[in-house]
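Note that the chains are named A, B, C and D in the order they appear, and that numbering of residues resets to 1 at the start of each chain.
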């Protein structure tokens, strides 16, 4: 039985209490995308400024639990300044880590999550460094919270799609 | 446990095999009304010719089981030549006899039938003679067949409503 | 918690015995007893309900209204018998007024889409309230898009009551007034009869979402005088998969069929169809038969205890909860909704300092305390409250003071964990 | 019964053991064992299905997708796990393709009304067949009235097969081709892949009503290549109150929400709503949770036996029934539908001399033999057959030759009673 300490690592609580890159960007030029977690009502707004295929700036606003807020904060630090390819690789790596299959839980217990029958390989490339984001690894032991942790990333991917189109 | 003989009285089978007043009437002047028993697919068509508040003629067509067909045949004999008031009284009496409540079955077991919580008194006046129609009394022991037996009467009432309007 | 509450009626429910009727309450979670405080979400089921469904499947399972053999007659009698029980439980005049749906949501969709599509025209005003559940909002949003109805909102005041000061203006010209009898977030009991009268006075149809009311208070739909009332089986000790739409025969007759197919027809040809009589006209396809049997057993169970007793118990327990939480946490806790337990059900939405509700309930879960965190399918209301989410503990007939104390202890534990 | 039937595969089902899995088959009716021959109407339920639902209610009952505590996680995992099982059982590519409805009727209404209302225009041809169940007729009738679509019918030939001689003309310009994979009256297995190809060739959406197919034959919706497939839980050993709409992600994405309310939204404001992802976008309100658990257990049960074995058993038993009834009653009995058991399921609609079906089944009932009499929710087909009603005996995995013999004896008894 996982304990609360697996979930609430110190670094997570730090990002929650002192969120990085909080705020807004004028949009346009920035892309503004909203994300919702229907489970517990988390709402997030991402402002993404991309220049020359690189994340020039990113800002986060919205409300949510410690997991969704700290994940968003960590994400913003992790992607700022990165190329879009790097961001996509990071996102794959993060979502791979959050994939419940990796933890060899019964696929039948995957809950209201990403639930392909034939999930593709989780795409955690060998050379992607998750850094601080590793702290969120404990979340997979609390399946309900996975949606909280991935909300920011899913919303970011949507922003990437929108700004490229 | 009621036996099949309670249901299939000789006179019922006789009306089934030799239906009275079978056929059609030109409409108009006759009123033509269709009735359906969604349970088993009985279909009945009644042609009703009313003159001076009296049933001048009535004809029956359609298809159905022995109970619905013989009930229709008996009904046609019973109402022909009667005043509309007499017909309504007969119909009340017949439906009273068919009321499952009278048989003091649990109201909860009333099935897909007439199922008011506060059913009115069944209206079997003391001086209405059911005659041959009495033979259908056994039907109430077979609740599913009540709809078969009452189909002709319900359709007749509809025809009365339509011709009076 | 400053107003003087009305006197609390004597609690005559034997909760110790009631608890024993619910098998799940024997369950342990993480080594502790289950403290179930999420009945506004779904209720637990007494053994009698489970047994009735099991017996149905083991003895009389057959399709209904079409069987020409004994067990099919039994199945039909079981379904229609359950309809009669539900009709009596809510004070319907006839069981023709009781339509079985899959949940309250389908019932409200039936109203908006079958009655509404047939009767509403562009610009027609439909009045709802700010404390509605999404089930009584989104179908109307669809009609805004589709027909161009005008949606009007009765506001909620700071005390969690409906603000009826502008009611006359809001209902003026309205075609529909549709509102919850009890809020699933604030517990607020709304003035049903007054709203029904206002609706009828304005020539509007009155629709009551009684999903949170029927499970908890004696209900008399005929006395309410509304046109439609919706509620749901799984919140009132019944199974999932069944809900109820009550309607007067007049309004049901004026409502075209909604879902269509088998069972709801008298005749079908290659060119058209003739609908069946009430209530089957609205029950397309194989109905939730075993679920109706379970719901029938649920209303027998509730009726056996007496809904006055259920209400008195919840009233007293809500008062205890408001007092306990207030005393133990003072200004650190904010409990939304009416302060007087006489004006509310046992639904306690709260926030505790700046701990996010989902983090709070995570700690509660460690202790077997089941509390929901989120928007409770009432996002417009949450926005009015200025919250994205609340924690919501909700009480039912099987809860007692020990459950409330367990909640308070869990709040303490969360407070410790997040180091306040 | 004149064509040379294809060889019958070996029956590897241990029916004696299967019978023991179904508690109701122990029941006696009027002092005789229950001979249940109405599975095309609804199937009986194995103990494993009843146990799974009971265990759910006794251990993990909670509302789904919103719980922030252990039993709510378990409930969500149970619901979504069942979705995965159903997805695998019918060969779906992903469980996002599996929408839980209340029955097949709701699933077909969703197609006609959510997809149809959004995409069909006046004059658009929709092709169905003469052997459809009302569930795949009446929703389209509604669209004829509402939108002015044109309904076209693929005819049935004298042998009970679809007459595809004019198929090209019928599908020309069509927007939808919607048909049953197996007739619930004739047992006819229709050429699903051919019809899907014809639909797609014409640019139409292909909809398969597989309500009678999925319970009886191995199903691979992906191989069929259709856009939508509907089926229903209670006919496949599952509980009442649940049905399934399978759809490709592409078509589900192109379909607007149908019933709306809680669960199916990502966001709701006072001015509008954002729907949830697939499949939840189509599941408004509390879903049939326990029913999904039961359906999951049902497909586990069927999968455990193997659908090939189930089909082989029914194929062999249908052949036995056709032969037995033909030999014992000769020209006195007319069995509708294909003569070759390889081309049909075990649904035997018949008439016996001029005894009305409802009178026949009344005598059967005295002997515990459960057979349905009526129009089987397929009035247009019955009219084509020139019958107002038929008696219909339908076989499933728990039936054996003794059950068929009991049917034949019952026909003899009816014959005696009505004095032939």
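As a convention for this text, a residue touches a chain if its C-beta (ideal position, glycine included) is under 8 Å from a C-beta of that chain, and two chains touch if they have at least 3 such contacts.
If you're wondering where the values come from, they're calculated on a predicted model, not measured in any experiment.
**Q** With chain centres defined as C-alpha means, what is the inter-centre distance between chain A and chain C in Å?
**A** That pair's centroid distance is 36 Å.
**Q** So how far apart, in whole Å, are chain A and chain B when each is placed at the average of its C-alpha atoms?
**A** 71
**Q** Using CA atom averages as chain centres, what separation in Å is found between chain B and chain C?
**A** 43
**Q** If a residue has to touch 2 or more other chains to count, which residues of chain A qualify?
**A** Those would be 39-40, 43.
**Q** Mind pulling the chain C residues that touch 2 or more other chains?
**A** 30, 66-68, 72, 263, 265, 267, 357-358, 362, 373-374, 379
**Q** Among line, ring, star, complete and other, which best matches the way these chains touch?
**A** Its topology fits none of the listed shapes; call it other.
**Q** Under the stated touch criterion, can you name all the chain pairs that qualify?
**A** Listed by label, chains in contact pair as A-C, A-D, B-C, B-D, C-D.
**Q** Taking the complex as given, what residues does chain A use to touch chain C?
**A** 1, 4, 7-8, 39-43, 62-67, 69, 142, 145, 148
**Q** State the interface residues of chain B toward chain C in the complex, per the touch definition above.
**A** Against chain C, chain B makes touches at 34, 36, 38-40, 43, 106-112, 115-118, 143-144.
**Q** Can you check the complex and tell me which residues of chain C touch chain A?
**A** Residues of chain C touching chain A: 30, 356-359, 362-363, 366, 373-375, 379, 382, 388-389, 417.
**Q** For the complex, which residues does chain C have touching chain D?
**A** 23-24, 27, 29-30, 34, 36, 38, 41-42, 44-45, 50, 53-54, 57-63, 66-72, 102-106, 108-109, 133-139, 141-142, 144-145, 151, 153, 232, 234, 239-243, 257, 259-265, 267-273, 284-291, 357-358, 361-362, 364-365, 368-374, 377, 379-380, 383
**Q** Could you pull out which chain C residues touch chain B in their complex?
**A** 64-68, 72-73, 76-77, 80-81, 83-85, 87-88, 92-96, 263, 265-267, 274, 276, 280
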